[in-house]
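In the two assemblies presented below, chain A is common to both, partnered first by chain B and then by chain C.
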Partner chain A sequence: MGFAEYLSSLDPQALLQRLPGYAAQGVLWGVMALGVYITFRLLDLADLTVDGTFATGGACTVMLILAGWPAWAALTAAVAAGLLAGLVTGLLHTRLGIPAILAGILTQFALYSVNLRIMGMTANKSVSVDQYPLLLSSRQIPRAALIGVLLAAALTALLCWYFGTEQGSALRATGSNPAMSRAQGVNIDAMKVLGLMLSNGAVALSGGLTAQYQGFADVNMGRGAIVIGLAAVVIGEVLCAALFRRGAPFAVRLLFVAAGGVAYYLVVGLVLWLRLNTNDLKLFTAVIVALFLAVPQLQARRKSSFRAADRKEAQPRA
Partner chain B sequence: MLELCDVYKTFHPGTVNEKKALCGLNLRLGPGEFVTVIGGNGAGKSTLLNAVAGVWPVDAGRVRIGGRDVTGLPEYRRAAFIGRVFQDPMLGTAPDMQIGENLALAARRGQKRGLRRGLTRAERGEYRDRLAALGLGLEDRMTVRAGLLSGGQRQALTLLMAALRKPELLLLDEHTAALDPRTAAVVLALTDRLIAENGLTALMITHNLRDAIAHGTRLIMMQEGRIILDLAGEEKRRLTADDLLRRFSAAAGEPFDSDRALLADD
Partner chain C sequence: MKKLCCILLALALALPLCACGRSQSSASGAEAGAQTAPASASGAASQSASAGKSYVIGICQLVQHAALDAATKGFKDAVTAALGDAVTFEENNAGGDSASCATICSGFVSDGVDLILANATPSLQAAAAATDSIPVLGTAITEYGVALGLTDFSGTVGTNVSGTSDLAPLDQQAAMFAELLPDAKTVGILYCSAEPNSVYQADEVQKALEQSGVTVKIYTFADSNDVSSVTATACGECDALYIPTDNTAASCAETINNVALPAGVPIIAGEEGICKGCGIATLSIDYYELGRTTGEMAVRILRDGAKVSEMPVEYYADPVREYNADLCRQLNITVPDGYTAIAD
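Right after this comes the complex of A and B.
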């Protein structure tokens, strides 16, 4: 097939039709990105628990809805499960001295079994929007997007308020300078545990929403979630920095992080529409995240590096 | 105000790096005493301050602050009674937070941090006045991130944070050592002023003998984890650097390690 033929086979109409769906899915992942932001940016911890927690949130939500719970109650329980997962990682890290990244991997690994148990030892459980009162579904994309936006906005507002409180300030200080925080009487271990709990609570909420949207929970649904969360965070931050050159207020930065999820899914939608091999999607995502994470380092190197210094010496002085 | 009774601390016990840092140290500070601490490398000066601050548990002995036994309290709980300034200007403030937010964090030292506002409007006014009193122009930069300040500005801010809610004890660990001489003099003058204004009890480590003599009401010299010289009152006031070196040699039985002890006039 020639390139012209390939181009003419692409249907712009189809892209436009599908974009709202991707946007809706993106908002739900934006909720997850807010959670990742708490640990990755505010606490300066890379928490890999979230891959497991995302599926835990989905599994809890679907199983409880199947058991006759209303969707909001099921989601609340999912958040509670997420808080618990964060607590486990936090205690492994602070009480047992396991490096945060390894503590997260351990909890994530264990959650695979836990998630299977939650789902009654099956890898996949579906919940039909025809039979159960789901909060949102891919059948009604505008409604799903609206609920996603409302929840993401509410979570942003909640986080904004919280990080302005005494406790939230102590949590931010812990991530910014642990030695100073201890000297100012902050129990930094407690703050780390709290931050990990909040983060995983948000991630479980995102998992619960996503499971309803797609109509099933799968034990593998969280695989690579941390990378997508990070992608949303870094894309959101780059967009925010580009639009607010003098730095944006905290609330705006959080909104951009949530919007980063949408941006990511729109790009995914574009990739799928271009009929690139979907198997390459993870490679593509990893490259994007690596590139965006490298931006500060690359910028710094452009200003000052050994190679540049070397080159300067070789030039004749003016 | 501060009482250390027979305090021992050994680092890396049972290894080739074993270091007996504090060997039965005894020290009592009355209210309002401002003690300068000098001594050679590895004499145990910083270890003394860290033992008081609770950076790690001591091996033996008791630590009391204001009559309370704090030997079993971790660092963050002792912080309720202690204000601290470190040698590294980076260590004293949260670089990602605003100047006002840093002060607000310090104002809540020792209090339960709940869901009330982390920085109230009334506080902003108070901090503005306090910053203005520093004379560094920081009062107009309350919303600037602390990470954008110079080393001297950060040490001044950290000092203000340490003294903000009158601590029972102020610990200064060579807090001017990383600054250029002029900035160091400004920060030292500020230190004197804050201690005098608030009637603080303070322990200040310095590697500059002239500073140790010129500041404070009492001077102690450490060697090998013990206090080998303790001068106060008239004796301290009349002390000269040459005196001090002589007294050291007599007490320690060896000349003072002057590699690091600066006698420079600036």
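Right after this comes the complex of A and C.
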């Protein structure tokens, strides 16, 4: 097919129509990005547990809904399961001295078997919106998007409030400068465990919501979730920094992190809409995300004071 | 300037949510440039065709894989043969990621395609969740009841979902053990724990084998990394192995063979691809033909106005007994009549 033909076959109308679906899915992953933000940015820990916790949240939610629980109760139980997973990683890291990355990998590994057991030794459980009262579903995209936005906003508000309290500030201090925080009397081990628990709780919530949205939970649904979460966090930060040169309030930054999830899924949707070979979907998505990530680095280089000094010298003096 | 950028960006991010107002029912063909037929949300399946209508079919394939590719090709060939230029296909591959299935299917639904082909179980589940009005045909799905969580599945799903199943009769497969390996007293069933279809097949084959007096043990591996150690354990404890239609096992067939052949343990496989790699015999179905059957069902729905809710799931009609000549010779297995050798 010629290039001109290809261009003319792309239908912007179709892309616009698909956007609500992508936005709805993106906002659910935005909830996950908020969780990743806590460990990645605030605590400066690389937490790979999220690949497993995402599926745990989905598995718990689906199995409880199938057992007759109301959806909100199932989600609460999923969050509790996420908190437990975070606790395990935290204890492995602080009590047993295992480096954070490895502790996360170990928990994620173990969660594979745990998730299989939760789902009754099957890899996949479906929950149909026709038979069970789900909170949201891809059948009704506007409602799903609305519920996603409300939950993301509620979580942002909760985190904003929490990180302003004494304990929350201690958590941020731990991530910023552990040695100094310990000198000030903060129990940094406890703070790390707490941060990991909160993060994985948010990720499990996102997993539960996604499982309801797509109508099934799969033991591999979390595979690659950390990549998406980190991409969403960084995209959100880049967008925020681009708009607020002099720094934005914490609440706004968190909102942008959640919006980063939407941006990521818009990128995926764009790649699908461009009808590029879908086997290359992951490659193209990675390229576009890498461009986003490179922007702050390139901007910083352009604005670097050494460069500015060079430019000034090269100009003739007035 | 900054404020302007801010406002524009906020509008851009909010735009997707504004487009929500235009729900599926009003995404009619009246929109300029859209070439899709209306997908009304009132529950009526696609209308009976009139001459000169054009159709858009969305194909969601879970992963690039020889069997799934063959099913898609068979589907496209059958539909093109009947409808010619009147049909356009939108093919998308989820790259093995079930979340992408949901993205792809919601994209099809907002486009208002006339039919969705869901290739493999997560695609079917995502499509069934995304729409209850657009006909969804599944292919390369082993058991619809298990995939959709239906408690008393009688062969017809009854909603907008139907399709074809790649399940070759499991009792006939279990009977092959008696035919080819009458001395095998302990049989191990090997499959990947992450495959949703394998558990169902393993359970059924276990029931059939235990009825004929054979002891059955189950061995699962999580992914291609532990397949050789699990296979080695299985070979140490069993006289023969059975592998269902498992995508991961199909991609690791060589590894399994490298363990089982030196151990002298014969394997009966659930489909031809696995049999070529490590099995001695299989009850084979042809995925291309399965795709063609699905294509014919699609033509009946689109052109002839058949109701998808009344179409029962179709199974492959004539599975062929095949054997792997090379491995049978190496393991000294005599193959009775009625088996065809697998062509290389």
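Definition applied: the second predicted complex is superposed on the first by the 279 of 318 C-alpha atoms of A that agree within 3 Å, B and C clash if a C-alpha of one lies under 4 Å from a C-alpha of the other, contacts with A are read in each partner's own complex, and residues count from 1 in each chain.
Methods note: a residue touches a chain if its C-beta (ideal position, glycine included) is under 8 Å from a C-beta of that chain, and two chains touch if they have at least 3 such contacts.
Keep in mind it's a predicted model, so treat the numbers as computed, not measured.
S.K.: Under the stated touch criterion, name the partner, chain B or chain C, that contacts more residues in chain A.
M.R.: The partner making contact with more of chain A's residues is C.
S.K.: Per the contact definition in the header, classify A:14: touching chain B only (first), chain C only (second), both, or neither.
M.R.: A:14: touches chain C, not chain B.
S.K.: Is A:297 touching anything from chain B or chain C once the two structures are fitted on A? First, second, both or neither.
M.R.: In the superposed model, A:297 contacts neither chain B nor chain C.
S.K.: Going by the contact rule set out at the top, does A:183 touch chain B (first), chain C (second), both, or neither?
M.R.: first
S.K.: Kindly classify A:213 by the partners it touches after superposition: chain B alone (first), chain C alone (second), both, or neither?
M.R.: second
S.K.: Where does A:123 make contact in the superposed view: on chain B (first), on chain C (second), on both, or on neither?
M.R.: After superposition on chain A, A:123 lies in contact with chain C alone.
S.K.: Residues of chain A that sit at the chain B interface in one complex and at the chain C interface in the other, please.
M.R.: none
S.K.: With touch defined as at the start, can you tell me which chain A residues reach chain C in the complex?
M.R.: Chain A residues touching chain C: 11, 13-14, 16-25, 66, 112, 116, 121-131, 137-139, 141-142, 145, 149, 210, 213-216, 218-221, 223-224, 239, 243, 245, 259, 262-263, 265-266, 268-269, 272-273, 275, 278-279, 281-282.
S.K.: Spell out the part of chain C that touches chain A in their complex, as residue ranges.
M.R.: The contact residues of chain C facing chain A are 2, 5-6, 9, 13, 15-17, 19-23, 27, 31-35, 64, 90-95, 97-107, 109-111, 121-122, 125-126, 128-132, 147-149, 159, 193-196, 198-199, 222.
S.K.: Can you list the residues on chain A that touch chain B in the complex?
M.R.: Where chain A meets chain B, its residues are 162, 164-170, 172-173, 175-177, 179-188.
S.K.: Okay, in this complex, where on chain B does chain A touch?
M.R.: Interface residues on the chain B side: 53, 75-77, 79-80, 82, 84, 86, 90-97, 101, 104-106, 108-111, 113-119, 161.
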